[in-house]
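Letters A, B, C and D name the chains as they come in the text, with residue numbers starting at 1 for each one.
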Amino acid sequence: MSELRITAVRSFCTQPAGARLLIVKVITSEPGLHGLGCATFTQRYRAVEAALEHHIAPLVAGRDPRDSEELWNLMMLNGYWRNGPVLNNAISGVDMALWDIKGKLAGLPCFQLWGGRSRPAAAVYGHAGGATVEAVAEDARRLLAEGVRFVRCQMGGYPGLGGPEAQRPEGAAPGRYFSPRERLEAVPRLFEGLRAALGDEVELLHDIHERLAPIDAVWLAKALEPFRLFFLEDILAPEDIRWFERVRAVCATPLAMGELFNNPQEITPLIAERLIDFIRVHVSQIGGVTPALKLARLCEPFGVRTAWHGPGDTSPVGMAANVHLDVSVPNFGIQEWARRTPLEYDMFPGLPEVRNGYVYPNDMPGWGIEFDEALAARHPCRDGNPSWTEARTPDGALARP
Amino acid sequence: MSELRITAVRSFCTQPAGARLLIVKVITSEPGLHGLGCATFTQRYRAVEAALEHHIAPLVAGRDPRDSEELWNLMMLNGYWRNGPVLNNAISGVDMALWDIKGKLAGLPCFQLWGGRSRPAAAVYGHAGGATVEAVAEDARRLLAEGVRFVRCQMGGYPGLGGPEAQRPEGAAPGRYFSPRERLEAVPRLFEGLRAALGDEVELLHDIHERLAPIDAVWLAKALEPFRLFFLEDILAPEDIRWFERVRAVCATPLAMGELFNNPQEITPLIAERLIDFIRVHVSQIGGVTPALKLARLCEPFGVRTAWHGPGDTSPVGMAANVHLDVSVPNFGIQEWARRTPLEYDMFPGLPEVRNGYVYPNDMPGWGIEFDEALAARHPCRDGNPSWTEARTPDGALARP
Amino acid sequence: MSELRITAVRSFCTQPAGARLLIVKVITSEPGLHGLGCATFTQRYRAVEAALEHHIAPLVAGRDPRDSEELWNLMMLNGYWRNGPVLNNAISGVDMALWDIKGKLAGLPCFQLWGGRSRPAAAVYGHAGGATVEAVAEDARRLLAEGVRFVRCQMGGYPGLGGPEAQRPEGAAPGRYFSPRERLEAVPRLFEGLRAALGDEVELLHDIHERLAPIDAVWLAKALEPFRLFFLEDILAPEDIRWFERVRAVCATPLAMGELFNNPQEITPLIAERLIDFIRVHVSQIGGVTPALKLARLCEPFGVRTAWHGPGDTSPVGMAANVHLDVSVPNFGIQEWARRTPLEYDMFPGLPEVRNGYVYPNDMPGWGIEFDEALAARHPCRDGNPSWTEARTPDGALARP
Amino acid sequence: MSELRITAVRSFCTQPAGARLLIVKVITSEPGLHGLGCATFTQRYRAVEAALEHHIAPLVAGRDPRDSEELWNLMMLNGYWRNGPVLNNAISGVDMALWDIKGKLAGLPCFQLWGGRSRPAAAVYGHAGGATVEAVAEDARRLLAEGVRFVRCQMGGYPGLGGPEAQRPEGAAPGRYFSPRERLEAVPRLFEGLRAALGDEVELLHDIHERLAPIDAVWLAKALEPFRLFFLEDILAPEDIRWFERVRAVCATPLAMGELFNNPQEITPLIAERLIDFIRVHVSQIGGVTPALKLARLCEPFGVRTAWHGPGDTSPVGMAANVHLDVSVPNFGIQEWARRTPLEYDMFPGLPEVRNGYVYPNDMPGWGIEFDEALAARHPCRDGNPSWTEARTPDGALARP
């Protein structure tokens, strides 16, 4: 098999649960040898599909799938303009598939290609919510009883809805209103209550979802310091990340950031200056496993741990890749895990399972996951723009979602 | 006309010359009132088309086209992931069209909306090339004779092709080979020769096209310092921009950068730290005129001047927008100008003209440019991935293009 | 083969040429499955042998050889004190062998485990020397005629011997005398002469071998700037590396450093602050391929390239590992290559070969190299401390070697 | 006696208590004149023995033992690669012995060679432990009653064992489990309780033993700030020491660090930037008394005090050297003191004694300590790798020990 070529790149959009998933299949000249990758950018999936079909597929056709590093660079550089979410996802779809192919060629799970297991499984965090402190505490207790030891707690809508319509000026547009002031009041109160209810030994997390002005983010990080979160997530929008210097100057709250990152200039300085503690990129958004593995390696000497983004809009293929990274890199921190539906388990045999708060990769070659194309075809993507991203402050202005 | 709505967003791909151009037309509820914008990402135009048709058009339909700031934020934030070339271009297409509509509503050219003329026309630079120092000097003299006072000079292919095939290892892939070493030797020799041939009073420019390792870029900037360029362009890839600190530490060569930038983290620090002298973004790549005008405003207090990217893969609509910005902002530096074909002048009536080294906007409302859709339809886009971006160093490795 | 264990770790000291080589063989529970690694610290090999036999071998026996990342950490941390040359080499011996085993398990050459080839072969540099500028130029021409395109040039002994005995005070001890002043005078003269003799397009390198006071190193780097070296190597001792800031402040000479590094605090800051251009660590001295691959990944976003140390005291197994890294990582710079003897080619079948200035890995699984233990046994190591490391300045004081 | 030569270097491994001790004896050409040094690297003693026997002993044989500075440099530089724990310990063994010889030549205790006594004795700290806050307080009271005024307090195993096995994933490896979360909760509670029990005037210390992620270390240093420790020790692993900047930015807790340091790049920046308050190196791990005395001198202008590492795996010879340094340098801070066994006092006549919280050197020449070789031979070293260094976090991953 010294001669091996990519013969086709195909993409499949399917919506087995809430999110539109884009799955890429790279087919090779070796009969039966193909790989699967995740190119899911659920809000702009049609643009990713077009990039794959018209630009990426013809570019890689006929090339050797084993040279994944060269091909990643080729895909990244060929369009000249680069480092954005649509093209990164298209590249990720192919890149992950090439690693899947590599694992199958080797007869080894992908984590074995990178040095084997550093731990048998990856600890996950679950999401607890509720309208009141008591309700959140109750939901957290439910997760703890299931064996989950890390709980992200959000109160009053996610990441928090704002005050009554009476606060708005006349003519305010429709949208998803929220009040920064209300958040600043509610979040410290939530964690004071949770510590009282759950004790000091439970690992708690919180996500601000970049809904604050920078100095409010600094204030809140300091206000939460006594409650010793495992991490506080996304307190700043990607446009505001230099404010992390100000956060660091005033408190020791552990900081997680990155699900929106697409560009090296958003990432490398935060790591090298030790401005964050957990890198939370969405692996397909930075271009796949090739850059994610490099990023984990970059983080290690700076004491930064991984916490790959893993909500429902990461496909099961992407989640499998996350878990392979998790068990392999020594500086793994935590894995976000959104409960997957039975239909997703049917459509993606091999999708990793969570047991007692840990997610386990299987030992099949590559990602160890398959894709039922026929079943997927019965659950096609449904169009539509998201409305939750039209966030607004009480005065009617658009805000970061 | 207090009620005004966007009724449709249409995109047109046309290829009147070498580049695939993507033109956006925003149609309003006011009969006859529409605007034109440039969404040209010539290498990945199909992805931009899909983003416009499936995601952006439905998003803005029914909204008030006069609220261009709100709509720009809406388009940028609605997909959640952002700041990349495909979506920025799609946004730019609509954004520029909204400014065109605004100008038409006001009965004023766009530059008048921003404070009128700071100068009557914008100085342009032309491109001189040749295989030898003498040939480049000859070509430059031709441009100078036409009245152009700023000349970008490139020798030996663009940005320089490399040595003989004998240098390559066995099994080296096809590609566009170039030799960094050859550039380091040739470029200082070129400018030494040009100064001898043309004298010290001519404004000379040079583009490295990010073809050097970072320290080689530092070295070259210093080596060119005695020849006093108007600017030295793109000596670093966008991934390497923190090396500008090293360049600044050793020389005073004026630096221009930015055609590849898509992300605020690539731009703001370079300006605020005064690490470059000319910002050369491709306006549609940062999302259109709304962010470009803000960027010009940001540059002013830091002493940085504009030099908007303007090769053939900026559409005539985009060039008109560039020129409106050029004549208006006080901190304009220079405008790149690629000669446009007669067909482009036919297809885009009102396309600005260069006279005696200056380009002039017209005084028609908006951008002052029209678009012959029927003529464009007779020159549709032809598919194909670029091969010039598959740059390789002599050892066969891929390099930044 | 789900159950796989390390059954033995054996080390072999052999001296087929000038250097004492320490080869490690890791044997597994799978009949015929073993791996080879390099633990060569030629000056202190007995200490490495003892560390392997008494401490490392018992530690890893019975563990799964596939978990190379976990085992690397185990070997590094088990002794509590760490990050020094003896233990790092012992760890490297096992680490490289584990990667060899992994490649054999996968049926793939090691470079395929990391993403395939980024280039078909690795450019090497050769060493030219002589007593005069003319002699060095002549020797360089010989290498160029062989197809080598990168030449390290040293004049007058390596790295330069000093003045007459008459300069020394009474009672000066024996040693290898050199004169810093003579170097400062001779080296710029050498490169001025070489540029005159060989032209500007040849890639030239030079090694100072840390023989200068820090400010003299700064001065020399600046004095050599006009001759545009490919790199200037080891201008500072590892104890003096913060002086690189001073070098960077005054010139753009490309800098290579690292063969003496053993500790992350020597390495990470130089990379992250972009104070050097080529990282030249001796792979076994930092603990093997696991950390070397991570280091290459760390360097990439900072624009630093690899130039793994490769003199005769790197074993052929270590050179094979270097070459696998070279062809795989995109940010490869250059590979040092010392001519290996026919006996070494006999003792290590599969040792990579240089053709026309490039070294090629083979396509056999793992490192693709074998080891003739019987032949090695006929060339045992001979004891003795090095005398070249007893360097002295003219006043009789010890200096860095 | 103007002619004086080293005639032999012998090493002795003995295990009178828990730790394997490596004692070096340097014998001279002057009958009866010899010196003792400590080369104890208890976890890797066989490698140190081999380095001494095969590399260091032949190197120094025949040289003048009075030139300890020259010999230290010779031993450090002769192997070319340097600054690691095995070679540093071997060097330390000879270096301390040379100072012992010097003292005997002078007929003076070593501290007299450096300027005499700055204080008659060195205050020591003792170790209090227990499973509960109350038990630790009780143990501390016992020490205070003995006259010890500085007490290091650790609760619940050292440095803290982790939670129940139920927290671990399936397949977790054996090891010494601990929970970072549990430490973060327990340690502030411990010191709140101790201050309540013992009052504010007692000097309390605490050792984290580098068992935390960097941001957790920052958090804990801040959380302990109100309890005003004498120092907080080893909150960061040597690989993470640049995080001290983050610690300093948020709190004023006194910081001690250094028992793992072997390399100048780990040490000098922390001192020069005033990032720590006490330097706690293990003297033999940095190469002996020659560098330790220099280090004390470096610390003085930066306001940093000494706190030489002094657990049971420092030999009685090493402890004598510590005490000589302690009473002499003005910027002495505190001396760790582990209770030595009666057998150690028998085997090392002259081993300093603690009285009422102070340790006193004696006034005999040199270190004032002897070594009963025959007794030592009856207590030879027993092989074995440490198991306490196989530390693991609850998910089964290896952690710094």
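Please note the rule applied: a residue touches a chain if its C-beta (ideal position, glycine included) is under 8 Å from a C-beta of that chain, and two chains touch if they have at least 3 such contacts.
Computed from a predicted structure; not experimentally measured.
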Open item on the list: Return the chains shared as contacts by subunit A and subunit D, ordered by label.
Closed with: C
Task: Angular offset of subunit B relative to subunit C [C-alpha, multiple of 5 degrees] - done: 90
Task: Interface sides of subunit A and subunit C: same vs different residues, half threshold - done: same
TODO: Report the chain whose mean Cα position is at the greatest distance from that of subunit C.
DONE: B
Task: For subunit B paired with subunit C, centre-to-centre distance based on mean C-alpha positions, whole Å - done: 45
Task: Between subunit A and subunit C, centroid-to-centroid distance (C-alpha), Å - done: 39
Task: Cα-centroid distance, subunit B relative to subunit D, in whole angstrom - done: 62
Task: CA centroid of subunit C to CA centroid of subunit D, Å - done: 33
- [ ] At least two other chains touched by the same residue of subunit B: list those residues.
- [x] 239, 242, 398
Task: Chain-level touch network, classified as line, ring, star, complete or other - done: other
- [ ] Could you run through all the chain pairs that touch each other?
- [x] A-B, A-C, A-D, B-C, C-D
Task: subunit B partner contacts - residues on subunit C that touch it in the complex - done: 118-123, 149, 200-201, 203, 225, 228, 230, 248-255, 274, 277, 301-303, 305, 330, 332, 355-356, 358, 360
Open item on the list: Per the contact definition, I'd like the list of subunit A residues that touch subunit C in the complex.
Closed with: 2, 64, 66-70, 72-73, 102, 105-108, 112-118, 264, 268, 272, 290, 293-294, 297-298, 300-302, 328-330, 363
Open item on the list: Quick check on the complex: what are the subunit B residues that touch subunit C?
Closed with: 167, 169-173, 181-182, 184-185, 213-216, 218-219, 221-223, 239-240, 242-243, 245-246, 249-251, 394-398
Task: Complex interface listing, subunit D residues touching subunit C - done: 41, 43-44, 46-51, 53-55, 58-59, 70, 73-74, 77-88, 90, 238-239, 241-242, 260, 262-266, 269, 282, 285, 383, 385-386, 389-391, 398, 400-401
